[in-house]
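Structures incoming, each one as structure tokens.
After this come two complexes, each holding chain A, first together with chain B and then together with chain C.
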Partner chain A sequence: MSVDTDTHGSAGSRETFEDVDWEQVDDAHRSLSLKAIIIASIYTVFAAGVIYDYVIKTPGTDTIGTLGVNLQALDWLYILTLLSILCFVVVPLYENKRMTRYYWRQFRKNKAAVISLIYLGIIFVIGSIGPRFLDRPTVNPSNAYQPPVFMSVEEWMPVECAGEVSGGRCHGTWAHPLGTTHEGKDILVSVIYGMEVSMQVGLIAAMITITIAAIVGVSAAYFGGWIDAVLMRYVDIQITFPTFFLYLMVVYLYGGSLFSMIVIFGLLGWGGIARIVRSEALQRREEEYVLAAKNAGASSYWTMRRHLLPNVSNSVITAVTLLIPGLILFEASLAFLGLGDPTVPSWGEVIASGRDDLQYAWWISTIPGVFLFFTILAFNFIGDALRDALDPRSEGSGE
Partner chain B sequence: MSMTTYILRRVAWAVVASLIVLTLTFMLLYFTPDTQLAELQFQAAQAGDDPSEIGEAYESYYGYDQPIHVQYVDFMGNMLSLDWGWSETRAQPVTTAIADAIPYSMMYGVPSVIISTVLGIAIGLYSATNQYTRSDYAATFFAFFGLSIPDFWFAIILLVIFGVMLGWVPILFDTSVAVFSLENAQQLILPIIVLTLSSIASLMRYSRAEALEYVEAEFVKTAKAKGVEGRRILTRHIFRPASVPLATILVGDLLGIILVSSYLIEVVYGIPGLGMLSFRAIINQDTPLVMGTVLLPAFLTIIGNLAQDVAYTVLDPRIDYGDS
Partner chain C sequence: MAGRMRVGNRSGQPEVVDVSNRAADRRRGSSESDEPLLSVQNLKKHYPITEGILSKEVGRVRAVDGIDFDVYPGETVGIVGESGCGKSTAASSLIRLEEPTEGTVQFDGEDITEYDSEEMKAFRRRVQMIFQDPESSFDPRMSIGDAIAEPLTVQGLTDKGRRNEIVADLLERVGLSASDADRYPHELSGGQKQRVGLARALSMNPDMIIADEPVSALDVSIQSEILSLMNDLQANFGLSILIISHNLAVIRQICDRVAVMYLGEIVELGRTDEVFANPQHPYTRALLASIPTADPNDRGMGVELTGDVPSPSNPPSGCRFHTRCPEVIQPEGYEFDQQTWRRVMDFRQKLDDGALNVEAIREMLLTEVDEYETTEEVTTAETKVRLRDEFDIPKPLSDPQAEAVLESAIENIVTGNEDEARDSLATAFATPCETQSPVLEQTASGQTASCLRIENELPPTDLEQTVRSD
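Moving on to the complex of A and B:
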């Protein structure tokens, strides 16, 4: 309409629609922005690291020999996950300050979720830093059954009481603030190692899940037809296949490892979320802005990447936040059964190790169980709050 | 598409899914080095025999020297005719071992499913009609508790408190007591509580969310305006439309939770059910028994999902039989 009212008499002073040099505009938008270059270079450095670790350096040696750092496949995956969180969660939140503030205002209404976020933040930081500085908990029979600090047990229980003995009771010391197991492993150190394991399980599997679910769901919705049919029929099968029992079979045949567990959960757990993405994207596909983008000649990739994906991301984030606690619980359950990764100190494993001593040494099973419980609870609370904050349809019902 | 064709298609699909599961199992088994054979060969070598000869005898005995497609057809045939192999550690056919174990799983599984279904839906409906009251918050808190507490951890804590400290329940599971006796009820009460808690939470949340959709519906308002009593509104106007999606959650999701939870619960309480059988088989390296006890839950899940879809189509006349 404005074009109609725009008189040609003033064309000399004002730039009209016809005057815009579209090629120049295209070039400006197509050339890579600084942000894209930085993100690309971060991933290039990462890829170079992986190639160096697996192709160039002599097998069997440390990744960075001088520092004594040796990265396993799991560590590389974890680094990739953290990089992706940085590039696709932290940076966009920082760039869109207004939306971040809006989300935060919505999120802040839920006190339990805010506390949960702080709790998980602490678990993440301690779990990331702790294992770098603390030695792995080692078996030391003479150190067994030390009670937590401020607690005391009968004198005969620990082989050698680390703290002071008074009145026939052995008191806990700050050397082992949360006590030790029947093998003499320090529980605090085990719990800190367990934090990293739980975060790795939750975050890596979530990243694999999000990536696959988003690609599958969006392409199924966007292309429709036989691509949609094939992808969704595959999802049908995958959803009916119980991951837990498949993993039991794999553990039985090949032996358990945290890496295979995470990869199996990540590769087989995305079905439900892909369905959510698809149904969301199906609705979005009919929106005016998608039609407009198509009319303007946007490619399929561009439409999916810039118009469909950002608009389905809210429901994906919520669904994944509610998926993570289930994964952490699975890992703990399998470790509890002794079918997890025997080389990794996990919460489930510590709980199992204290099972037979529970009436004499209650702290061994109880303490890691409390951490496990609150971690799962925190993810559930946050998922619930995110659903209220991010889902525009639920607005009003949460007030 | 008519309802019958849709259901037939769903059944055919479940059969295809089962065949894929079986094929996957076969592939896993086929491409795994046989530890039993390695053990036999090692023993033979120690005794001074020729290991390769033993290997050949072993392979021809089990039919492992046949080409892959013959083995595959054999395997599928055996599976379909319910000949699931011989359990070495239990000295009985796998199917017999499973049949022996199922009653023990049912003993606590069935009461738990009934309790969690009835209670979960009742509490969910109550929460929905009394939204944002103190009891709704209490129910929500309880649901989050049930959703988040690791069941195996909760199980051992309960066992220590009520079994060891208070002595109200036996610590070891006794298989010799009669099924319908006070002793049996006593030793099953903790497993029932733990399993109920882990399955009731999601039911409560779902039924609350579903019922909320109808609490403010026009026909409920009309009924209220006409002076229909509260209980009748709840059962006739809110529960009935909400029951359709609930029925589908009941089968599919609940089955998944129960199958995994029961595995852990049986190991903690020493109940000789299906989960325990499977766990022992894994520990004792009894391959046919592992396969049998892992495949059975997989099939149950597939059947559960099928039942869920069929229930949905039968219960909800509004459903669209289209492809999507």
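Moving on to the complex of A and C:
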């Protein structure tokens, strides 16, 4: 079949809608885009890694023997989370530069949020790199109660003052810039390890939650009928389920572990957000643009992915920015209560270890507490700014 | 099947010019021999009313209840009717945006109600829709370039560069600039958005566009711009257009033929000029009479529809319009003035619906007349007078026999025997309109209409005369 020539006489050699030969389009091999191939291969490599670690390699040995790297289940989950953030947040932001610049201009208006973002970026980078190079804080009774640098305590407090002793007081040193705990663990190193723990808790649980909540909420709203009924009744049941006691039972049976905590709270904590997503998506489904997409021949997946999901993202982001600090705080509380993973030096654990010494050694609880406080505050500020920035109807839009 | 996708396939000739010529021919009313592009037969869309956890069906909303019409290539057909008559449902179910309950829709000779999802997707390229509300028909998170390209993308045009070129070209053709592609819907005005809506519909190079109230959300000045743009595009691309509107001025401006809908049925169908010049159905006449005119001496025809639009879940028996028809046929044996007859029918209708509240009338009298202390003291005579006043029924009626029937009925109502009154009125004042359903048939003036007056060749009423003299 011949292709139309430019009979209408509009601008030059540009292709027009009349030129599209749909027969050819139909016959054309539907090749996947480069991006889809790259994303698929990234996940394939990830899956291969997991299979190798759990099926192929000899149990009990390191994942990568020569480098001495041994990845645990939690690490694999964290890698998956970071890959997903890369593929579904960073890459789209990079691809839609105009949109990104626009969101950034909006986001920038909130100074507190910008500072929060920088702060969280630093926490993330230090928390990711630090534990690779620093040894875990070890128990060293002779090194206990060292004060932070520039501070001093009564001479009798530390068993052996690491720093200079003058005027009956022990001064802090750069060997332990943030001091040590009653067990002699370096607080700076503990805090750095705690950063990784907090990021893992917040990001992994949030990824699990968002993924499930968005899929369940959007499908329930889009399909309606019995799919909606089944999914939402399940959510009702799940919300009444006492997750905390399930976790206690797991702690009792198998001992506390960060992995089980994240998985339990991630897999059972999405009900509320799914409800929000559903109610929001229900409204969107009635909009004419959904009908317009159907009229264009779009599939259900397309409509949900391209129309419903972006339009419920406001509520999802709001909910998630409340969820992440909540989870971090929750992990800290559990660790504080001694229900956390004893092998993981989390902020909550350090805070708890300084509980009895508040009177003499305030820094043990206070310093990780300050990090916890600012981390949670930062997430809240960022959530606030994102909500404003992502609303396309907010003023000062466009060019 | 892909062979049907091209505009050029309708004829072997260089198509654009040829089709627009044919469109022009069509507008001049020639070449009736062509096959219709779209042929709708007995299309029904019922929404079930369900109850309980087992969703037992307890009733149906008959939004569209058996409509037939054709649209020829290059032709503009309008569907007109008041809100809730089912015209938008007709549009969306005929292209299966909602699955029709019954009926067939032939497009280019193939029944699209039989299509599977793959065939349906291909069919979507040939018929595109323009939506009523420009605010809600664009995704606020999608740039208008992406919105226009959406049909192209979902239909498999994966090359972004090609899509961008097509979008730029389309934007310019509908009177916007190519750089607008990056803007978001909230940055455009209503008129601009509707232009984008046209661009989106055109992007598939369709054979037909269905426009559901395309201009009703726009300012009058912008309305005519959009309509003339639609006209130009139709002439350029030989499109068929089905336009849904409640606005008769819009229909008159751009339609070749018009179908008038009432409560899910087409009551009149014909060439626009014929329908407007010589309306055959009382409903069409009432609609036309409701158009305001610029002549200050023209006080209107006094044709005013009484009562509410009946619910499509329980449409009236017989002719669906009989509950409101100003020209409802009079029973034999009585002599009514047509207007009085309509009022008596309103009174009967209200009584049948159980909406006649004698107690409320008594209470009204109680507040107006100081002497009464309680509603029991209100006299029967006064209540009866007030009841008549409520419906503007003169006392006595000109026909003594009718007066006797009515008076005894009112007496019965006031004394509480509503059932008896209902029965006696139903037997005495029966009209064929409430039992017989009219069918669409050819009228003398060219169009088809469904009215018992036409079927039974009854003379036009005095009311009708007034309208005609306009």
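Before moving on, here are some points about what is shown:
Note that in this section the second predicted complex is superposed on the first by the 356 of 399 C-alpha atoms of A that agree within 3 Å, B and C clash if a C-alpha of one lies under 4 Å from a C-alpha of the other, contacts with A are read in each partner's own complex, and residues count from 1 in each chain.
Just so we're on the same page, a contact is a pair of C-beta atoms (placed from the backbone, for glycine too) under 8 Å apart; a residue touches a chain by one contact, two chains touch by 3 or more.
Predicted model, so just to flag it, every value in this text is computed and none were measured.
After overlaying the two complexes on the shared chain, residue contacts for A:Glu288 are found with chain C alone; chain B is out of touch. Applying the stated contact rule after C-alpha superposition, one finds that A:Ser299 touches chain C and leaves chain B untouched. Looking at the shared chain after the overlay, A:Phe373 reaches chain B, while chain C stays out of its contact range. Once the two complexes are laid over each other on the shared chain, residue contacts for A:Leu337 go to chain B alone; chain C is not touched. Using the contact criterion defined above for the overlaid structures, shared-chain residue A:His307 touches chain C, although it does not reach chain B. Applying the stated contact rule after C-alpha superposition, one finds that A:Glu95 touches neither chain B nor chain C. The contact surfaces that chain B and chain C form on chain A in the two complexes overlap at residues 397. Chain A meets chain C in the complex at residues 1-2, 4, 7-8, 10-11, 14-23, 25-28, 30-31, 33, 98, 287-289, 291-299, 302, 306-307, 310-311, 313, 392-393, 397-398. Across the complex, chain C meets chain A through its residues 2-3, 5-8, 14-17, 92, 95, 97, 120-122, 124-125, 128-129, 131-133, 136-142, 147, 150-152, 154-158, 162, 165-166, 168-170, 172-173, 182-184, 186-187, 200, 202-205, 236-237.
Remark: chain A residues 228-229, 232-233, 236-237, 239-242, 244-246, 248-254, 282, 325, 329-330, 332-333, 336-339, 348, 351, 355, 358-359, 362, 365-366, 369, 372-373, 376-377, 380-381, 384, 397 touch chain B in the complex.
By the touch rule above, chain B contacts chain A in their complex via residues 13-14, 16-17, 20-21, 25, 28-29, 32, 144-145, 147-153, 156-157, 159-160, 164-165, 212, 256, 259-260, 263-264, 267-268, 278-279, 282-283, 285, 287, 290-291, 294-295, 297-298, 301-302, 305, 323-324.
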